[in-house]
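Questions regarding the structure given below will be posed in turn.
Naming follows writing order (A, B, C and D), and every chain is counted from residue 1.
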Amino acid sequence: MDLTYTDEEEEFRARLREWLGGVLPALPPKPSPTDWPGRRAYDTGWQRRLYDAGYGDVHWDASPTTRLIFLEETEEAGAPYVGANFVGLLHAGPTIAAEGTDAQRARWLTPILRGDEVWCQGFSEPDAGSDLASLRTKAVRDGDEYVISGSKIWTSHAEVADWCELLVRTDATAAKHRGISWLAMPMDAPGITVRPLRTLAGSTEFAEMFLDEVRVPVGNRVGDENDGWRVTMVTLSFERGTAFVGEVVACRRVLGELAAHARKNGRWDDAVLRRELALLSAEFRALWRLTQWNVSEAQATGGVPGVGGSVFKLRYSHARQRLYDVAAEVLGGAGALDAAQDWTLDRLSSLSYTIAAGTSQIQRNIVAERILGLPKSPKGGR
Amino acid sequence: MDLTYTDEEEEFRARLREWLGGVLPALPPKPSPTDWPGRRAYDTGWQRRLYDAGYGDVHWDASPTTRLIFLEETEEAGAPYVGANFVGLLHAGPTIAAEGTDAQRARWLTPILRGDEVWCQGFSEPDAGSDLASLRTKAVRDGDEYVISGSKIWTSHAEVADWCELLVRTDATAAKHRGISWLAMPMDAPGITVRPLRTLAGSTEFAEMFLDEVRVPVGNRVGDENDGWRVTMVTLSFERGTAFVGEVVACRRVLGELAAHARKNGRWDDAVLRRELALLSAEFRALWRLTQWNVSEAQATGGVPGVGGSVFKLRYSHARQRLYDVAAEVLGGAGALDAAQDWTLDRLSSLSYTIAAGTSQIQRNIVAERILGLPKSPKGGR
Amino acid sequence: MHFQLTDDQRALRDGTRELLSGRFGRTALRAAVDAPTLDRDLWKELGEAGLFSLGLPESAGGVGLGLAEAVLVFEECGRALVPGPLVATFLAAGDVDGAASGDTVVTEVFGGLVPWLDAADVVRGGPRSTSGAEALASVDPLTPLHKVPDAGPTPWRATLLYAAEQLGSAGRTLDMAVQHAREREQFGQPVGAFQAVKHLCAEMLVRVEVARAAVYAAAVTQDPAEVAAAELLADEAAVRGARDCLQVHGGMGFTWEADVHLHLKRAWVRAELGGRARDAEEVLAAAL
Amino acid sequence: MHFQLTDDQRALRDGTRELLSGRFGRTALRAAVDAPTLDRDLWKELGEAGLFSLGLPESAGGVGLGLAEAVLVFEECGRALVPGPLVATFLAAGDVDGAASGDTVVTEVFGGLVPWLDAADVVRGGPRSTSGAEALASVDPLTPLHKVPDAGPTPWRATLLYAAEQLGSAGRTLDMAVQHAREREQFGQPVGAFQAVKHLCAEMLVRVEVARAAVYAAAVTQDPAEVAAAELLADEAAVRGARDCLQVHGGMGFTWEADVHLHLKRAWVRAELGGRARDAEEVLAAAL
């Protein structure tokens, strides 16, 4: 049990910190949340800077510990988030790297790392919900093309993406997990309609995507036909180990800010509130240690994270919601109801954490069945 | 919405209060919890006093509101609990009254009301647990007798009971709810072995009961053969309306004592603890009002309570556990670990509340399916 | 003792629900979200229906009903998410000309906040002048808010009426969750057949019924500790109810299109306007 | 950074578990419950196995291991519910003759309480004399307790070791719940197939893993705030774990025969001996 970093890791941290200190002040101003081309340019510009400085592939090639340090340092320095590069860097890219042909890797990987091309994700569907594998978007083979119709939801950056990693049903007669294929769909193909989806926070970072006989070359399929579910699952679990590193660092910073704010406005004297802050501090300290634990485990097992990601996500998503509920208490009265406060918007967006990427109910099933070995419920018992 | 009592009800209350004031100081001293014959004599002696004073049948014949007043006043005055008379007065008696023949009513009811005969309950079985209807104690017809073998558990007062209301399986081939019969078993019949069962609180108020070819006359069956499940359910739901009246009154008294104790030992100054006490106060105030609501409803519908009992039990059982957890905080340090403190024993016994008479999980199923009309899960989904 | 609705009370509740579902159903609600101005025609109609005057004696144009009846009506307003300073206008009826009839819109300062300041004809409570009031970007699209420096405690009648609205909102989010759980299918069956969803809904109902007993009893007894209990339990039922409803709805619950966020945000607003939780807790503690 | 057990640590943990399951398995545990005297043979064997001395330098007869290793060993003691003043004796090794070897039984005053006073050879901490100590009817049949008036704060090393025991107990009640859920059938299937039971068990695991990360990290960093976090999270994991285990067991969990109450009662005792929760909270708050 060692919580100190190696000399090599400390050097990486120092070098990165120095580089961040130099490059961050020179960044262009942050675009408005509704300026999609501006957001794309900002995010891809940042990725290009990382690439040029040798940090472009930190999500792919670096060790889990190095990645942890990278995420910790960039968050603490206030560097831009992965943003529009998220799907390319953390989903589609790793999938193509692991399952693609040489030609596919050559075509798609470097543009992702250089920030030249942006990807979006076409997995979720309105009628599928938690049961992702019941997706119905249909791809019918026509010569060396698939003809695709259906609709997707919760697609981020669809407005400005070049490519979409798309899950489609290529065999309607097979069992639901067995008839799915993974395609790279060019977003300029005819038949694609993107419509922004407004969240309860009033923001439009997600979109619905309607596909009407969109034609995609068969050569854009990664993995075998009807093997898309396995292809996808590999990537989804790959991403879990370090997915929340930056967020935990950010939550700890917010917690410190809350304490400072409470000391200033007098709420600190309320022992009940102080206790809530203390319990959150215990919580996020432990979640940070759990992150280091999971990362160390991933490092030891060659980068393959276990189902520990579900354990982390379960606890973290509820802790994050509590954090912003307490933020509202710290602000108190008018402050708690003020949508101009960042904390209010964060409170609203935290509501999605127990739902997105597998509801807490689904995560508990996973933990109980896959870690604890409790019996799978028969149909109806899930 | 009227929370005042009628003149008649107030008169009943005043008369009862006066009578209690006279009779309680003259009661013999409470027997030790392990002195079973003593406990029987004490409890039946109290029931006889009630009977002689005209209160013997308050659980059967009085209106729900009168019963509420009776339970409230006796609890507040510190009168003895129903104790050894519980099964006779609240389970077996009402069952016989509702489903028995004239001869059965004549034989069994008056001795219950006079405190002459004590009943115990032989429903639960070790292997059945929450799935009560899966009971396996077998009754085979032999002429005009049933020959009974099996084992029962959680039987209170078995050591000193004259009769046992016994559920047995009379048809092993029928669906599980359809092959059960209700019998009155004399506790002096050969083949009955009673063994005390120690609870985690160290007490032995429950027993296991082993039946080895016990012979019971067919004439002791109440209701039709194989109709025992329905016979039983009628009584179980009958009892729910006012089952917890005395306990809620007692919990409110305990809460007041906790506050007084905390004021004395200084813990009152801990805002966190004071808040916990305040929230419990809100809780038990509301539970008292909910009791009045349910009782008024039962009064209006002719004494048939709805599934509201499950709503009440769910909330109350958790509130009671919280109450005694907070009691431990009020006592603090050594006090919280002192088994000589009544509150410590009550804390231990409160642990059964979310399990006994239907676990909280079962109660939530009942609420969801019978009140909210959510679909019954297929086998496996309960 | 008969702690149940009388026939008259039942009729009042049903009539109010019918009026509101006709006059402020889902279409009107979503239209109000898109254009959040106070609908003075609706206000007038509510006034004509007696919503603001029901507590006034018949001599003053009211029907002489009590707080118990007011609570039933405000519960329905909470269910329907009716916008506007209902509580302040109700409390002003009899004191402020035109409040009872719905001709005058009255708001009031509660806990340093003023709802619907720009739309109101009269402002009560708080500092003498609200000229220094500062507009807030209200989290609730259906409740414009200003803040003022002076933050006196919320009068108990307002606390009780806000609690009644919370109760109504909690009942509505329960209904929405149950309806969704019956209709939405996942893994080949209604999500309401999953025990986890079932138990969420069951606990929502328990919170509603407990809060209902507390709110109704507080209206009858008007005891400060009972009002405090009603406030705490109704706030909890409304806020947690909306959140559980969101959880049952899954991703769709996170959209602007679903109504659940309107309930959650309004529940947050009412929790602040109705009085500070810590104050209510101290009232209860002191009464122990 | 390699925040995982080393091979040596794994071997130490496995060896301790093996030793304890052989020397203090279920039969021995229940025998100890029936006759709660301190087993000095067992104590000596634990001493010989190095349980008390492992932190001492080799020159003093120890193996020079750190708090991280101590935490692993105490976690196993918590799993097995080993009775006796383990924490006090461990902390006395090196200071008190014979403590390291298990020849001397040392207890200490923690939070105004003295465990195993009558069985101990040496008492540390607290007031000069424990002649005025008052015997308590201890709720835990495996921990005799006395109380003394002077209640200084528990030293942080003791807090940490108690937290480690809590962690072990939480892990054990999780295992017991899962085993029961796999084996016990109700309504025609294992109760572990019901989502409600499944989710109880899943949350137990989550609490264990979060507490584990906190306890191990506190042992490595020895930072006061991390120790406070470990204390709070381990107490919660142990107490709620035992209660959920009881719930999963249903009626059988309420019997004296089931081991679950022994875990719950000991968890309550450790929570008091390990330091007051409110103090830990203030340490964490001050560090914010």
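The rule is short, and it goes like this: contacts are C-beta pairs under 8 Å (C-beta built on N, C-alpha and C of every residue); 3 or more make two chains touch, one makes a residue touch a chain.
This one's a predicted model, so the numbers in the text were calculated from it and none came from an experiment.
Graph distance from subunit C to subunit D, where chains that touch are one step apart, equals 1. Shared contact partners of subunit B and subunit C comprise A, D.
For the interfaces A-D and B-D, the C-beta contact count is higher for A-D. Placing every chain at the mean of its C-alpha atoms, the farthest one from subunit A is found to be B. Spacing of subunit A relative to subunit D, judged by their CA centroids, is 39 angstrom. Averaging Cα coordinates per chain places subunit A and subunit B 53 Å apart. Subunit A and subunit C, compared by their mean Cα positions, are separated by 37 Å. Counting partner chains per residue, subunit A shows two or more touched chains at residues 270, 272, 275, 361, 364, 377-382.
In subunit D, the residues that touch at least two other chains are 189, 193-197, 199, 278. In terms of inter-chain touching, the protein chains here all touch one another pairwise.
Contact residues of subunit C toward subunit B in the complex are 1-6, 9, 68, 174, 178, 181-182, 189-190, 192-195, 197-199, 201-203, 205-206, 209-214, 216-217, 219-221, 225-226, 228-229, 232-233, 278, 280-285, 287-288.
Across the interface of their complex, subunit D is touched by residues 194-196, 199 of subunit C.
Subunit B meets subunit D in the complex at residues 124, 126, 129-131, 134, 153-154, 197-200, 202, 270, 272, 328, 333-334, 336-340, 344, 348, 351-352, 354-356, 359-361, 364, 379-382. Those residues of subunit A whose C-beta lies close enough to touch subunit D in the complex are 1-6, 9, 65, 68, 255-256, 259, 274-275, 277-279, 281-283, 285-287, 289-290, 292-293, 295-297, 299-300, 308, 311, 314-315, 361, 363-365, 367-369, 371-378, 381-382.
The touching residues of subunit D, when paired with subunit B in their complex, are 111-113, 136-140, 145, 147, 151, 184, 186-189, 193-197, 243, 246-247, 250-258, 260-261, 264, 268-269, 272, 278.
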